[in-house]
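For clarity, chains are labelled A, B, C, D, E and F in written order, and residue numbers in each chain start from 1.
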Amino acid sequence: MIDVLKYLILFFLVFCAVFVARTKDMLSAVIIFAAYSLMMAILWLLLAAPDIAITEAAIGAGVTTLLLVAAVSKTRREE
Amino acid sequence: MQFLGSFLPVWIVMFPMVMTVVIYYVEQRSEKMRNALAVATSVVTFLSVLALYPGVMAGKIIEFELFQILPNLAVSFRVDILSFSLALLSSFIWMLVAIYSIDYMCKEHGCNRYYPVLIITLASCMGIFMAGDLFTLFVFFEMMSLISYVLVVHEETIEALRAGYKYLIMTIIGGLALFFGIIITFELGGSVSLSNPVPLISEPSTLAFFAFISFLIGFGMKAGMFPLHVWLPDAHPVAPSPASALLSGIMLKTGAYGLLRVIFHVYGIEFMQETGWTVILAVVAVITILLGSAVAITQDNLKRRLAYSSVGQMGYILLGISILNERALMGNIFHIFSHAFMKSTLFLAAGAIILKTGKKNIKDLGGIGRQMPFTMFAFTLAALSMIGIPPFNGFLSKWTLSLGAMDAGVPFYVLILLISSLLNGLYYLPIIIAAFFGEEQGEGHKHEFVKINEAPYKMLIPIAILAVSCLLFGLLPSNLPFDLSRVAAEYLLRGGF
Amino acid sequence: MNFSQHLPALIVVVPLLFAFVMPLLARWRKQWCVPVTLGAIIFSFAAALQMAFQVMSTGPFSYYMGDWPPPWGIELGIDYLAAFAALTINGVGLLIIWFGSKDLLHELKPEVLGWYYTLYLLLMASMVGIVITNDIFNMFVFLEICAIASCGIISIKESRDCIEAAFKYLVLSVLGSGAFLLAVALLYMVTGHLNFTFMAEALPEAMVLYPNNLLVAMGLLVVGLGVKAALFPLHVWLPDAHSSAPSPSSAVLSALVIKVYAVAMIRLLYLVFPRELLGIAPVMEMILWMSTLAIIIGSMFAIVQDDIKKMLAYSSIAQIGYVFLGVGLMSESALVGGILHIFNHATMKSMLFLAAGAFIYGTGARKLSELKGIGHTMPIPTIAFCIGAFSMVGIPITSGFISKWYLALGALDVGRPFFTAVILISSLLNGIYYLPIVVNAFFSKPEEAVPAPKQLPREMLVPLALLSFGVILFGVYPSLILGIVYRAAQLLLGL
Amino acid sequence: MRKLLVLFFLAVIMVVMVATVVEMPTIGDPANVTNNEVPRRYVEDSLRETGALNVIASILTDYRAFDTLGEATVLFVAIAAVLSNLKAH
Amino acid sequence: MSITEIVLRLHANSYYFFAILLFIIGFHTMLTHNNLIKKVIGMNIMDMAIFLFFVAIGYVRGGRSPILEPGVNHAFINPLPSALILTGIVVAVSVTAYALSLIIKLYKHYGTIDAEEIMRIRGGGSL
Amino acid sequence: MEDIIVRYVSRFILPFVQLYGLYIVLHGHLSPGGGFSGGAIIGASMILYALSFNLAEGSKKLSHDVSSILESTGALIFAGMGLISILLGANFLANGAAGFPLGTPGNLFSGGSIAIITFGVGIKVASTMATLFYSLIEEEHSHEHH
């Protein structure tokens, strides 16, 4: 069960990573990246590391995403 | 007294260096003072070298280690008979050139640069001759080469800068080759000291051969050896005449001196005879002689012709080194003396002509002998000596060299010397004949009475002294340079101890 | 309480502390910025000096952060190399920022000056941290501080080239850090330790079990640090970054920052990896050839440059090659030469960049062709430039000669005269691009009349004079630092 | 062309890394070399030695506090770099 | 080693394998994309992959997160990698923030965030 | 971002978010989380405040002076604790060895310097995150080039 969840998340991560590269809209790329970060946080919970999971959720998915959004809003949205 | 004696080499090197700084500061106040100081420095240096005479003639070797830079690598001084001979010669000619410069340079720009450079070059030259190890020799060699760059480009014309650039690049190549040679010597021998009782490298190996080639390139570059002489005919003509005299008369000899040191101290005479590496030197020396003499004929610029003549004459010296027997060495060292006297005379005379008439090309020199009889007379003496006509010192050195070649069983070298003498005649005699018997150039002067228009006496006296020495050292069978050469040759063949 | 026992920590922390205070000072007490910066670096310099004496008299020592012994806590290890590098960093860094205190006034906007000093102090602290830490993850943290701070002192200048160069530098630095972190992970996985000493103990066993891991880690380390140190094919960021930055930044980047990465690599390769592994893996051979290419190609590129700072930057690529040549040859003399060259190049290159900065300050000229006749109008910087140039070429009695001597000797020691020849050829190439500048400065006249240059303030002349004096002093009397360098090389080689 | 080259380069890295991954110690195996005296002391003694329940907090702010100081400094340096960059232009 | 064995090893080390895969994808994004913000995202993906790799090293089967309860004994995971990665995350966000500020400035100066266009405007070189 | 609902919800929810962040910071030594995660949560909440109201007001809440004081203070607390350890006779950044009271495990006031350092880090991270975001977004006001 845990194995299935693990692979699900791992494949989702790869999927996100590939889609970030493929999408033309910067804002969606940033959103996909946020999803990637959140999934990573969940993966780390699976690995029994809640401290980094919280930090990743707050910093990786939260602050980094906000910063990226800020940067996109200051520049162009299309690639 | 003992200490004083061993400190003297350091003094001889350091004194001009310190005086350079003094001159640099004095010259902002007074030009007279500057000139006087420059001359005084060279005179004091000459006298200090002379003070070494009793000790050195008694067979003593003065050694002094100043300080160690790296383990087994020190700045040290060492005076033996060979060092003494060359130091004496250089400081003497330097003194005359310094006197000559006073009047010659007064019309030139940038004297404030010229005099300090002149004096510090003297210091580095003394350093080369009195170096106690190859490293010190290398340091002063680089110093002299780089500083004399300033002398070469003194005029700051386009061609001077171009020649200077060539000179600089060649100097660096030479310096790096020397570095390579020295570091291999250090690696194989563990030291680069010249006072080692046995030669530093004892076994032939590829690395040792590389080192030999590097030394040949490094010192040969300075000596104007055949494929590396290219800078010389460009650099000597563009420099001011007193500087050309020093470049040709003294600084070329440092290359020959270095080769002597390398052959006798680094490899040793048996080593050289066994491996036969000197053949390389002999081949390039022969090419250098023939090439220098032949190309000189085609040159029209007077100083350029003299420069090519220097290339040829350095070939004699290199040939003498390659033969490796006593009489050849003696002739070779004596030729260092002779050539210094002759070539300085010629360049200084050429300088006087350029200063008074502004004529640089030989085709314009017709009748100059009537206008400047004294200068041209000195020129003639030196030129005849150059050709090798008997009572002059040029004859004596060539004669001794030929005897050495015969001793070594290579009469071929004698033939080369003869051919070269012939070529020398071909390019010197026309100048002399044109100067005394030729028609003066230019329309207006054709029938006028020629006014004697000699250079100032401060320039004439050095020329005279040098010209007379050419004659004197050829006439007297036992004179100081000849004795020194003999003792030095014996000393070197004994293994340098 | 023995104060001097805490120096290894304080040498890093004191600049950090002052860096933390600096933004406040810049806001409310502007005039204190410079003295505080200088004071902090002087303190670090004194501490480094004291540490160097200590290490020379009593041997290497270590400092346990938070009183936790090594495998658990972070250990700062002061060995000969670390003390030597810390001394170099603080000594040269002090002179550079002293010069910068005036030069920056005209290169930067006044409102960012405080930030410059902050970044500079952080940079100094992180560089010292990199060289003295004995913990590989701690080194990573300092590497990151160093990377951002060194990009920061480039992008602080108001010019779009600077931003572009800083971005390029940042991206490649991050790649390098990523590779480094991955290497840390791989090493930690098979050794279970982060401390150098403990890793070195665990590695022989790990080498039998997981050889691939170690080889990959080693490759990643060399690439990761090589990118930051601008080892040859990874140098693409350097010319832009070093030439567009403000002059003091160029000086500190070229003279110190890339060297620090080299020191880090030396420490990791020699202290952590077992001899046998260095033996099988062709890493040393790889470094050797990369550095050879760096030496030759860097010099070749430098020859064709027209911008003086760009030329100096390309020359740095060649010079870092010398350091790595010493690392790769693995003989005592060569390593001495390489380590010595870290110091010598730091002094020479900072002097050259500062002299170039002085020319730009005085005349605004950056092109080599505009520097004709500068020797008459700005004598002191030109003479300093000359001495630096001679030292670069390796003329005796300058310090550049000494390091070349050792490198050449080291190449002969291991029986590879080819590399001696490489060193000599590169000296020639150095001569080809340095000497014309010197010659033009003194013997050429400018094509058109130029206005008289601005007079340099004393704060700019004194560091230049001190650095030139240093180059000569360490060329004539290298024993001053040779002792510690020798010990460092012997320790690293396990002699 | 350049893209192909990059792909090739990355493929090479991937193959090398996968070969390494196959050899690596198994994830989660308690016998792994990483589970040595270092984490043991952290887990067993940190309560006594630092008084914190959260072992990671005790590592971060006590055993390896210097790293964390470095981390705070990274944030500081980022602020300094960003602000100086934004103000300069 | 047969294919099955390799697959089994990869299954056992699946975190490592995927971490490497993500690393390569991030690296690829960073190298081939001209859009600078994409580069930054790629950089983050790459960093996260390394963090995943690191965290996986610290995992112990059946281990719990290292929050102690006085008097209770469990098997815990290795806390060291977690502590290290916390540092790593903060480093990554700092670098990202700085890179983004540079991008905003580049956009202001060049009017684009496309690396090739910037190169064209500057004339020569490569990013 | 002028949506009234967003504003209203934000006004209602933000204090809780900030309180949560503060909790995580203060309980860093007792439960998962710590200075970094808690600080980041507080920072994110300040960013959200700015987004849901407007930037001028957000900046007013955290002026440049205040943010730089906060940052320096946070970092100085950390380094200062290290120096205090030295003054207490231990090595830099020592905790128990320097004689900080470790307290009863499980208590809020336990762990010696850990809590103080975590608090310093929290301040630092929160203000840094907010400042980074503000300064990136603020660009607009000072420059109107493109």
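Everything that follows uses one rule, which is that a residue touches a chain if its C-beta (ideal position, glycine included) is under 8 Å from a C-beta of that chain, and two chains touch if they have at least 3 such contacts.
What you see is a predicted model, and the numbers here were worked out from it, not measured in a lab.
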item	value
Partner chains shared by chain C and chain E (touch criterion as defined above)	D, F
Shortest walk length in steps over touching chains, chain C through to chain F	1
Neighbouring chains shared between chain B and chain D, ordered by label	C
Which of D-E and E-F has more C-beta pairs touching across its chains	D-E
Centroid comparison with chain A (C-alpha atoms), farthest chain	B
Central chain of the complex, centres being mean CA coordinates	C
Centroid comparison with chain D (C-alpha atoms), farthest chain	B
Approximate Å spacing (C-alpha centroids) for the pair chain A, chain C	38
Gap in Å, rounded to a whole number, between the CA centres of chain D and chain C	26
Euclidean distance of C-alpha centroids - chain A vs chain E, Å	11
Chain C, residues touching no fewer than two other chains	13, 16, 20, 23, 65-66, 137, 141, 144, 148, 151-152, 155, 163, 166, 188-189
Sites on chain E at which at least two other chains make contact	14-15, 21, 23, 27-28, 56-59, 63, 65, 67-68, 70, 80-82, 84, 86-87, 89-91, 93-95, 97-98, 100-105, 107-109
Chain D, residues touching no fewer than two other chains	17, 24, 32, 34-35, 38, 42, 47, 53-54, 56-57, 60, 62, 64-71, 73-78, 81-83, 85-86, 89
In the complex with chain C, residue positions of chain B that touch it	67-70, 73, 135, 138-139, 142-143, 146, 153, 156, 161, 164-165, 168-169, 172-173, 175-177, 179-180, 183-184, 186-187, 207, 210
Residues of chain E that touch chain D when the two form their complex	1, 6, 9-10, 12-17, 20-21, 23-24, 27-28, 31-32, 56-61, 63, 66-70, 75-76, 78-84, 86-87, 90-91, 93-95, 97-98, 101-102, 104-105, 108-109
Chain F - residues contacting chain D, complex	28-32, 34-36, 71, 74-75, 78-79, 82, 92-93, 95-96, 102-106, 110-114, 117-118, 120-121, 124-125, 128, 131-132, 135-136, 138-139
Chain C-touching residues of chain D, taken from the complex the two chains share	16-17, 19-20, 23-25, 32-38, 41-42, 62-67, 69-71, 73-74, 76-78, 80-81, 83-85, 87-89
Residues of chain E touching chain A in the complex	14-15, 18, 21-22, 25-26, 28-29, 33, 35, 37-38, 40-42, 44-45, 48, 51-52, 55-56, 58-59, 63-65, 67, 77, 82, 85-86, 89-90, 92-93, 96-97, 100, 103-104, 107, 112-113
